[in-house]
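Labels run A, B, C and D following the written order; every chain starts at residue 1.
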Amino acid sequence: MSASVADDKHLHRLILFSDAVFAIAITLLAIEIHPPEHWNGVGELFRLMGPKLTAYTVSFAVIGINWISHRRTFAHLLRADGVLDVLNLLMLGLVALLPLGTELLWEQGGIEASRVYVGLVTAIGVAHALSWGYAAFVGKLATPALSAATKWFILVRVALLPGLMCWLVFTSVATGQPWGYLGIAGVMVVLAVVGRLLKRAGA
Amino acid sequence: MSASVADDKHLHRLILFSDAVFAIAITLLAIEIHPPEHWNGVGELFRLMGPKLTAYTVSFAVIGINWISHRRTFAHLLRADGVLDVLNLLMLGLVALLPLGTELLWEQGGIEASRVYVGLVTAIGVAHALSWGYAAFVGKLATPALSAATKWFILVRVALLPGLMCWLVFTSVATGQPWGYLGIAGVMVVLAVVGRLLKRAGA
Amino acid sequence: MSASVADDKHLHRLILFSDAVFAIAITLLAIEIHPPEHWNGVGELFRLMGPKLTAYTVSFAVIGINWISHRRTFAHLLRADGVLDVLNLLMLGLVALLPLGTELLWEQGGIEASRVYVGLVTAIGVAHALSWGYAAFVGKLATPALSAATKWFILVRVALLPGLMCWLVFTSVATGQPWGYLGIAGVMVVLAVVGRLLKRAGA
Amino acid sequence: MSASVADDKHLHRLILFSDAVFAIAITLLAIEIHPPEHWNGVGELFRLMGPKLTAYTVSFAVIGINWISHRRTFAHLLRADGVLDVLNLLMLGLVALLPLGTELLWEQGGIEASRVYVGLVTAIGVAHALSWGYAAFVGKLATPALSAATKWFILVRVALLPGLMCWLVFTSVATGQPWGYLGIAGVMVVLAVVGRLLKRAGA
């Protein structure tokens, strides 16, 4: 077996394993949600289950966005190594805590629970950035076609985005003010512009 | 890595992730079912567990049919993109709620619970149709061999079938009349005829 | 995309989905097992958990053997179709009930619970045989190299073996007599001899 | 289908199944952890959840290291057979008990619970070594490029490392002395040196 086939298999198996963990964590989000014992009509059911379904939606979005982000960074990789295995496991270990974080969110719902939750989402982003930073700069696992500027751009995006967006959403919800959503829109525009500039510079 | 290989990998990973979510949701259906504490003989066991096993069977069929349907629409795709990722996640997020919907069904079993359940199944169909509609008409992700008529046929089938069939089954069960089952048979015949006509027209 | 590539993808996705369901069912077997609240020393722990660990071991073996059996029959297939999807789902729907069957086994442990459990294992075998029978004789999905005799041999083996072996083990355990284990040994020898004869006839 | 393609598919499916079990077991570790009912501030939350999060971290590391180890040994294999299926299932059956072992650890936390846990981790290593020993020496499933010395080195590493490292960590934690960690560092250095010598001898 040539070295390149072995590399490819290693990366493939790492991605498969990660996908499975993402998929299980996202499906387990709903497993602790149970219907209320008594309810009259669909309206009351949704009112009673509102906090749980909201927390479910937020966490589903968080895991979904992280899966998309993971897919995008790993699409730049040509191979994997043992260090990437470990750093990727660190990220997955935090993702697997999201069902617990979601339970915290719907049971307490206060500012403290939100803080813990945003902290967990931020930690996932940082762990993802560690994986990418190692793969792109230290382990030389990424495709050589990628410019250093693009690598740094991905690093910053991956590290900051999950926690920042989660915090902005929670702030908007808590204060009833739209500034959080506006902030997200602003961040998205800036990222899109920088991403386009980097692409043009690379072409 | 050529663009076509990268496209293929993206689609492949999206399908793998979806399959994992379908598989986990379908296997979790039974996890909240527990045997009764006291029972004498196999007959009583099945009588006591009847509602749960029925709800399990219905939901297993619902997820199974949606998985088959998902496999069929995605077999027409050549590649995936970020928008499809998001729309597909929307569908998976609703599929992952089916274990909860099943619990609702066996615990309440009334007309209101059935209504919520049929609503959830309908929402899954609509989300699936959104994914397919985007992929086929907007994102140009499907194989070019597909005629516009076939694309629309798939869209309508995917959007309406799950909710409609679920509603017809529940109606038949609730009323004890066979009209629901006859309706399903009628719908199946119409779909088969239209499908064949479209295939012939395309040939 | 040529028809053969599409066929291969269909079969591949069906196998992936099945593997995921087998893997989830086998891992969920232990999820309802909890340690006892009080115990002194490792000896007492194992004595208290004995029935649960025994039921776990039996069910792990049952799912494991069915997975191996599924892998072997599906290795003979060249492609899949919609009917195989449905029949395979029927088998998976029964496999997904094994964690529930296992709970029944350790909570009741009596002859009635064993009967239900053996019935479930037998039903899995029959559903597997239905899938194989359709694929081999009706759908023409198997490799043409397979003789009709071999196809029938696989059908009988797949249909009878799981339930028969499970029943023989339970009989031996219940009566404290070795006849069940001897029966298993006899069945294995007969199968091995017939399998070898068929292979020689085919060569 | 040529024999080599069939071999490759068998190995591929075995690896996929194993990855799924590893991924489910690692994600289920957190499923029995629930937030405390009352807590004031993040500090108290972490103090209350400390033992559970510690047990989670230990078990996540144990499964992660075993997954990496499994990936590495299976990367040396060219094909699989029925015996390897069974031995690998034995290992997976023990891995699937780790969520239960983790619960034991955080609920009891005493020396007896640690002993059971270390015993389980050791048993996983031994089952892994059985799989590898069979594949490398009996079943001739490994790549012929591997020297006998390397095969033995892998066998010893796989059999002893998980249990030994787990025991050293627990000893350090229990006694508050760093000898366990020093022991791990020593073992790692010896393994790295021997591994390098074997690689040089093979080149």
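In the analysis below, a residue touches a chain if its C-beta (ideal position, glycine included) is under 8 Å from a C-beta of that chain, and two chains touch if they have at least 3 such contacts.
The model shown is predicted, which means the values in this text are computed figures rather than measured ones.
Ranking all chains by how far their C-alpha centres lie from the centre of subunit D, first place goes to B.
Superposition of subunit C on subunit D using C-alpha atoms only gives a rotation of 90 degrees, nearest 5.
The mean-CA centres of subunit B and subunit C are about 26 angstrom from one another, to the nearest whole unit.
Separating the centre of subunit B from that of subunit D, both taken as means of CA atoms, is a distance of 37 Å. Counting partner chains per residue, subunit B shows two or more touched chains at residues 16, 20, 24, 28, 31.
The touch graph of these protein chains is a ring, one cycle where each chain has exactly two neighbours.
Checking each pair of chains for touch leaves A-B, A-D, B-C, C-D.
For subunit B in complex with subunit A, the residues that touch the partner chain are 1, 6, 9-10, 13-14, 16-17, 20-21, 24-25, 28, 31-32, 82, 85-86, 89, 92-93, 96-97, 99-100, 103-104, 107-108, 112, 115-116, 119. Here subunit A touches subunit B in the complex through residues 15-16, 19-20, 22-24, 26-31, 33-35, 39-42, 45, 56-57, 60, 64, 67-68, 71, 75, 78, 143, going by the rule given at the top.
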